[in-house]
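One structure is given below, encoded as structure tokens.
All chains are identified by letter, namely A, B, C and D, in their written order; residue positions are counted from 1 within each chain.
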């Protein structure tokens, strides 16, 4: 089973580039499942119906989120009805939407989990225990993909090692910069600290760099906007054993617009 | 001019692996300058005389530091006498040691600067303005290498773009995970968000992973210790134009112990 | 029922001043229950057997803790055996010690809860929901005292209002500076944002002020030690209705050594 | 010289209550100078022309600010023209407005300084050194009032002790909860960790408490609005020696609307 996981998609620019790149990739490569982080799809902040539909049309099958989950109020209106969108599972009980979803890939069930780190980032429930509880509730599913949305490399690596041998993949998101530490951990879990992003390449995390630099220099509030210019597409491709669910390999799939 | 910049060296394990790998690299490749981040050289915390000497013997010519600069009290005794060791330049006036150093590579002067980010990390002076001041004080030097020790990818990217065309290279350190976004920015500055680390590969940032995971799970204090097992070496190699100081290329140099 | 709640006791100096002041107070005033925060009792960091015994001897009946709970390893050896010591209840499951305790005052049961805020402070479970669960498990107890150990005034006020009418008192600790907003909230809960501390008055939070100022100025690591000189004692005294458990009043009890 | 310093004024409710209380206070008590923190005057976020005018009409002579300084864009249009408004002095060079101002009280010059802490709050220049520089530039002025806008009690106490004997008063703002540690430090500086606020009493920091609690419980974004209901007025009154500028006394001036 070949899975493509796409990093944080930033703005309309990111949505469009996902469309473009997936069109090409799919023709070359058999992709059994496409998952993408959509927390920045709308002007860099959150997800709405239109953006979700566009990503589905492009081939994305499951959308994960992060700290920007609820930036677009519209999401609350439809997240409970759309099983293809998940938000971090360690939000408190009662939060709109779900933290995991089960989909079918051929005859196999695949469990996709979204979880958020706490270091420098959020005040949510323990990410480790919350994932444990979801895994315990799905003892029969062997193909499990975890989007670990977190700031600190230590917390992401900790999640990778903590789940090694218990899930198929732990894929970091949120920092928008792809890391080069992708590997299959000893017990068979594909891991990368950060997948990266899709959107303008010459911005800062996809946002206009003059505004970001200006804010760091002045320490005054400023409204970020999505950058312009050539785009980048960061994703990882990994193959899972059909029977065991363990990862066979993982590789980065970077695409840069000229 | 070929420069090798080595990421955070963790523990005795890291020191030894630097020795081993530099021995091999230098025989294959002409290296005109070797710079390394040594903030974690002593049990993961700070630098002392012995560790510095060992790194010099291995071929390292300039040692940069970071948030762990003063973890070993011994450093304060000799940092002012050793121009090969620099600590972040945006520490307040009066801090032991210097934030930059000038060395000779052939006939060329090379300015090496160490600076620390503030987001999630430190309460130091503005990193951007502090680097500006150092550059202004050295108008004649065209070969300038900046170690940007920071947590947030946004702040590191901001420094890269802010200095593009004004320095030869901006190399991120501190997260211990190498990123795959190395590139020469449009105005000629080599950039990478994080170079990575040297030390045990199967730890978390080089430290024993059971202790790190245990602390995240229990939220109780625990003393970290350096991990065991096979090691990794992360560095970047970049070439600078002799005349202009601009970067011609940059590439990652990962080495993994079997 | 008259309850005295004493703020964070700092060092041996604090322990001794508790002894001294409680001796005088008890002779003037009928105190039915004495609770104290002991997280800084040992050199400013944590609690051990000797300090706990000394506080009991001085008249303290229940000791609460905070972010320094596990700074003295010794505590883990006896916290499970001593029902008079509680640590924040929102530590994860499996943490040594308990987060609440029930004691008898005359014929009445009194439930004392210790909880920790998360803003700027800790990565624990939701303090609000954790307290809810404890209250639900003790529907018969009307006298409930909550030590809300937190940094942010907003989170402490939120806890006060959240529990108003459901507990007898919400008393803030941790900042070591007494606030003057003590009041009985509309539904009968005694509240203060911070009770203050017991220990050296001319230090900073009870610690040597030159070291604290030096660290802020230099941003270099430094080991704090308890200050010297005249001491202060901060506590609140509140009266609870015997039948309903609601607070009748609350007042600060500051004592300053000449 | 009698000085009244008023804590963070929140919303229109706060502005109106300042009017009302100052009307009464001034008739009873000779006030030579009235300073107020206005960072929350407009719906809890920032200051604009209208709010400033209203505060001047009420009797306020100098307005200080804090982390909300630039929340109302309008301020940037007039802050440079109005010497009665100051923002934290440790913003970087080039920031609109000034960080201190000199006014005349009778024949005496009074220097008022606004500075912001960094712990948990901001990434500005060193507050201690920045104040030092302002003091050095005004060696002739003996009456100096410092608004230390900060989150951490340790950093505020550090500023008080650091400046003891060099300024007339260090008055903490930002937490919106008045502390009861007002005193004249040994060398003659009036000090309080936090003055408190002016605005709705039954909110949380003056804001609607259901929204604040809801956000803490849900960890979802929510727009704060100013609370309703009876108001509180927190200020400190202190007397300065005409010749030496040292503080003779300091006392809290709390007023609660029935």
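Observations on the model:
One rule holds in what follows: a contact is a pair of C-beta atoms (placed from the backbone, for glycine too) under 8 Å apart; a residue touches a chain by one contact, two chains touch by 3 or more.
By chain, UniProt protein names: A, B, C, D = TIGR00282 family metallophosphoesterase.
Nothing here was measured: the structure is a model prediction, and the numbers come from that model.
Under the touch definition stated at the top, subunit A and subunit C share these contacting partners: B, D.
Shared residue numbers account for over half of those found at the interface formed by subunit C and subunit D, and the copies are therefore classed as meeting with the same residues. The distance from the centre of subunit A to the centre of subunit D, with each centre set as the mean of the Cα atoms, comes to 44 Å.
Each chain gets one centre point, the mean of its Cα atoms, and the points for subunit A and subunit B are 30 Å apart. Counting partners per residue, subunit A has 92, 123, 126, 129, 217 as the residues that reach two or more other chains. If the chains shown are joined wherever they touch, the resulting network links each chain directly to all the rest. Those residues of subunit B lying in contact with subunit A across their complex are 120, 126, 128-129, 151-155, 157-158, 161-162, 175-181, 186, 193-194, 196, 202, 204-205, 209, 212-213, 216-217, 252, 254.
Those residues of subunit B lying in contact with subunit C across their complex are 70-71, 91-92, 94-95, 122-124, 217-221. Of all the residues in subunit A, the ones that touch subunit C in their complex are 92-93, 118-119, 123, 125-126, 129.
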